[in-house]
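Next come two complexes built around subunit A: one with subunit B, the other with subunit C.
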Partner chain A sequence: MSKALLTVSDLCVDFETEHGVLNVLDHVSFNLYPGKTLGLVGESGCGKSVTSLALMKLLQKPYGCIRAGSILFKGQDLVQCDAKQMQDLRGNRIAMIFQDPMTALNPVKTIGSQIVEVFNLHRQELTKKERYQCALEMLRKVGISDAQFRMAEFPHQLSGGMRQRVMIAIALSCEPDILIADEPTTALDVTIQAQILDLMQDLQKENGMAMLFITHDLGVIAELCDDVAVMYAGRVIEKASVIDLFSQAKHPYTKGLLDSIPQLFNDGKGALKTIEGQVPSLLNMPTGCRFRNRCQYSQQDCKSLDHNLDTHSENHQINCKHWREIKDA
Partner chain B sequence: MQGYFTQRLLLTIPTFIGITLLVFVLTRLVPGGPIERMLAEAQLASGTASSVSDGFGSQSLSEDQLDQLKAYYGFDQPIITSYFQWLWKVVQLDLGESTRYGESVWDTITERLPISIFYGVTTMILTYLLCIPLGIFKALKHGAPFDHISSAIVFISYAIPGYVIGIACIAYFAANLEWFPLGGFVGDEFEYLSTWDKIIDILHHATLPLIAYMAGSLAVMTFMMKNSLMENLSADYVRTATAKGLSFKQAITRHALRNSLIPLATHFGQNISVILSGSFLIEKIFNIDGIGLLGYEALVERDYPVVMGILVISALLYLIGNILSDLCVAWADPRIRFGEKR
Partner chain C sequence: MPNEPLLEIKNLKKYFPVKKSSLFDKRRYLMAVDDINLKIRPGETLGIVGESGCGKSTLAKTIARLYEHTSGQIFFKNTEITLLSQKQLQPLRPKIQYIFQDPYESLNPRHTVANILEEPFIIHTDLSPLERKIEVKNLLEKVGLAPDSDQKYPNEFSGGQRQRIGIARAIALKPEILICDEPVSALDVSVQSQIINLLIALQQELNIAILFIAHDLAVVKHISDRIAVMYLGKIVESATSDELFKTPRHPYTQFLLDAIPNPNPAIKRVKRRIQGELPSPIDPAPGCRFQSRCPMATDQCKSLLPELLSLSDKHSVACHHQVDSVGNWSSPWAS
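Here is the complex of A and B:
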């Protein structure tokens, strides 16, 4: 495998709240490779979005802060970067697409001015006219018809799918090395989802950028990603290639997730499978394995599990003490 | 858009008729009126001289004279007829004559209007100049000591009525420290001053009343600004803006600010009408001869032509203010385009 473009190692993020310090991310590590897509999957509140915001260093101060770990991007540790350096990177080398295109665009500015703004920030060598032309070109690239006309329109005049295309145009304007997509299709209906995913894949092939794709939709993961990291309660609990993950998941949580997917060929009777219990609150997280209170295989020594991943193969790692003993159903 | 505003403008006509008709009928229906007041005054004047024993019969005016007066004021006609007579005069810009002074109502009002406009417009400008930056600053410093202290001050000034603040200011700054004059719009020697000194004189007299005027509106505007900006700061598009590479400051000035001014724009038109009509209590305290005081006195003295005249002007201001609000909102928010078909 080629050299990693971005290496996140042992990233810990704490949130300061009225109830005390919450450990939201616990030693999260993963790599992003050029031209490849890493899917980050997990249920709501497991730290997916916090991870993406931490990479951009957009955590809301003073509540969220990176306590430990490093984010190496082209030999530069983003954790150590100051505000100015991050501003140069954001939107330029690392770009981000957000979940809800209905609110992610400024309602009182035209589509055109919001795209041109990126060029104003990062491509100051271009003339005003060139910036406009580049923005127009981007709109065409993301498949918006009548681009010239749309440039002068406001976000409310566009449909949800079109707005997400505009968001993608903004994110990809400077041909970033890394694109972080935080549930970009969750707010869209299914046909539009497919279009947007196709578009993102096409643009990735063109640019060769690395993509971090955050979702809780396993179907989207299967379609789009090369590798997958499964998160649970602030920890990465299993990392594998997408094929390994779907064919031979090892962690009991991942197995539970996969079992919870409704099967098309069932007779449609009987209750849907679920994982028993609830995610523990961040305020009283169990020691050791964070999943052990819901895990049917949990044993005494699960209390002493740390954040380290056990290696199954080079590409497949599991944060569990007993994964070898668990037989496939 | 144009169609919408033509429609709105045309709608002001029935609204205006509704407002004035209602008040006109009320002035007729409530007991007492200009003639009764004159009779009472005449009786008081003669009553002190002659004995009271004559009782009700000894009116200083004969029936004939009374009828003449009634005809003069139009009281001999049915209410609706005299309303439309009045309205027809208003259309010709004739507001009638004051029953108290015998002067033209139009002159009485226009004489005082500049004073009220001066206070109204200055208060509005100062309020915006103070509240917008203060609101922004408070939003950025949310939870800091400055935020709490300024909130306390603003709320105290909101809780105390403007005229009480006015009285306190007079007592301390004018009577005690003698920094400012006790009242009036200009000083006694105003006519003999140079232009520059005239301005100074007006401002000197205006300082305390302006404080009293502003005290109440300060809280509303400041907190509207603060809350609206804070709401926008956590909006998704501000996060998008920072993800593009803008600094936090740039994200505020280029993205959050204009969005958070929208609620203030809605308020703009109403402010115009409210402050131009002034506050008679503050005018009374500071002895300012403005519209508020005039209206109050006209009501007490049953000077109905003046009451109706002031009503005409404030109703028009209110109606225009509402339309201005719409214009402001449409200007600030591209999502609002009145009367356009999608």
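Here is the complex of A and C:
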């Protein structure tokens, strides 16, 4: 495998609240490779979005802070970077697409001026006219018809799918090395979602960027990603290639998650398998394995599990003491 | 008779008037629900799918008479409920209950769970306070919540638990039909499956008919006996759920099924994609509603609105080209 573009190792993020310090991310590690897509999957509250915000150093101050770990991007540790350095990277080398395009776009500025803004910040060598031309070119690239006309429109005049296309145009206008997409299609219909996913895949092929794709939809992961990291309560509990994860998941939580999706090709309506109970509160996290109070295989020694991943094969790692003993159903 | 429909809808229409830009403009209408016929039998689940803006929720609200219909008839057990006044409807309300999408907004944050669940009994029965208390505890147990959690407020529960409270409230008065408007789309996968299992179990126990609205086709397929596909206020295809997923006839249904992300990365298939987006439902052009995005559209589709025709007792479709469309479909899930 080629050299990693971004290496996140042992990233820990704490949030200070009035109820105490919440350990939101606990030793999260993963790599992003050029031209590849890593899917980050998990239920709400597991720390997916915090991971993406931490990478961009957009954690809300003074509550959230990176306690430990490093984020290496081209030999530079982003954790040590100051605000000025981050600003040069953000939107330029590392770009992000947010879930809700209506709140992410500025409602009182035209589409055109919001794309040109990126060039104003990061491509100051271009003339004003060139910046406008580049923005127009980006709109065409993301499949917006009548681009010239749309440049002068405001976000509320566009449909949800179009807005998300504009978000993608803004994110990709400086041809970033890394694109972080935080649930970019969750607010969209399946037909529009399919169009947007196709578009993202095409654009990735074109400029070979690395993608971190955050979602809770396992179907989207299966269609789009090369590798997957499954998160649970602030930890990565299983990492594997997409084929391995769907065919031979090892962690009991991943297995449970896969079993609980209704299958399209099965007949009849038998009961779905479920994972009993709920995600524990961050204030009241069990010691050791964070999944153990919902896990049917949990044993006494699960109370002392650490965050290290056990290796199954080079690309497949599991954070569970007993995965070898769990038989496939 | 078991085949007697519990709920029957005939030519139901719901038009919303659109604000005129000038006094002399012709009044225009948004045709949210346009000429829909449906039947639901006792204990059956009918799923309704479609993109946002196709009129699914309006249909549900019109059936529950939360919206007043424009024209058409709704029969509940041979009573035409569209003729009743809201007051005359009151005794029937317990029989038709509603579960809402967002469990954060549909529960009053200032009421305890006991208050929320007691209310149906106060309005519709003459149980004593003590009897009501027992009923509330029974309900909580039935939906899998701790019976002693009745003094808590909604904000003390998680999303899945709140949806359980919503379900408990809906089944409190032993309804015969439940209208579920996207009941699981705000929930996580693992919680979603718990709620679906609960709904199916309650349905079997109490023999409730369910009108299930969702945009997640896998969920609808799992829970429904029959599925109706809506597009711009019209039903374009309806069939038993197995039949619909095996042999979809309408080009729109085929595109919709093809757009579902398949949770099996081993299958890499050529995907057909629908182009463009849902057109405006305000005064749609004559002819088939889907013609603007349909690859099979001909001149006939532009002028003549296709009727929903029965192919068999399990399957009806509204498309001029339904005979030719069969060849376009190859199931992405065939193993």
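The working rule: the second predicted complex is superposed on the first by the 326 of 329 C-alpha atoms of A that agree within 3 Å, B and C clash if a C-alpha of one lies under 4 Å from a C-alpha of the other, contacts with A are read in each partner's own complex, and residues count from 1 in each chain.
As a convention for this text, a residue touches a chain if its C-beta (ideal position, glycine included) is under 8 Å from a C-beta of that chain, and two chains touch if they have at least 3 such contacts.
Note that the coordinates shown come from a computational prediction; the quantities given were computed from them, not determined experimentally.
For the composite obtained by superposing both complexes on subunit A, the positions of subunit B and subunit C are free of clash and fit together. Of the two partner chains, neither subunit B nor subunit C is touched by A:Lys303. Working from the superposition on chain A, the subunit A vertex angle toward subunit B and subunit C, CA centres, sits at 70° in steps of 10. Of the two partner chains placed by the overlay, only subunit B lies in contact with A:His122; subunit C stays clear of it.
With both complexes superposed, C is the one of subunit B and subunit C in contact with more subunit A residues. Judged by the touch definition given at the top, the superposed model places A:Arg324 against neither subunit B nor subunit C. Contact with neither subunit B nor subunit C is seen for A:Lys205 once the two complexes are overlaid on the shared chain. Look at A:Phe98: by the touch rule set out above, it reaches subunit B but stays clear of subunit C. When the two complexes are laid on top of each other via chain A, the two nearest Cα atoms from subunit B and subunit C are 5 angstrom apart.
Note: no residue of subunit A belongs to the subunit B contact set and to the subunit C contact set alike, using the contact criterion stated above. Against subunit A, in their complex, subunit B makes its touches with residues 235-237, 239-247, 254-255, 258-259, 262, 332-335. Looking at the complex, you find that subunit A touches subunit B at residues 56, 58, 83, 87-92, 95-96, 98, 100, 103-109, 117-118, 121-122, 154, 156, 167, 170-171. For subunit A in complex with subunit C, the touching residues are 43-44, 159, 161-162, 189-195, 197-198, 216-223, 242-243, 246-247, 256-258, 260-265, 267, 269, 271-275, 278. The residues of subunit C lying in touch with subunit A in their complex are 51-52, 158, 160, 188-194, 196-197, 200-201, 215, 217-219, 221-223, 242, 245, 255-256, 258-266, 271, 273-274, 277, 331, 333-335.
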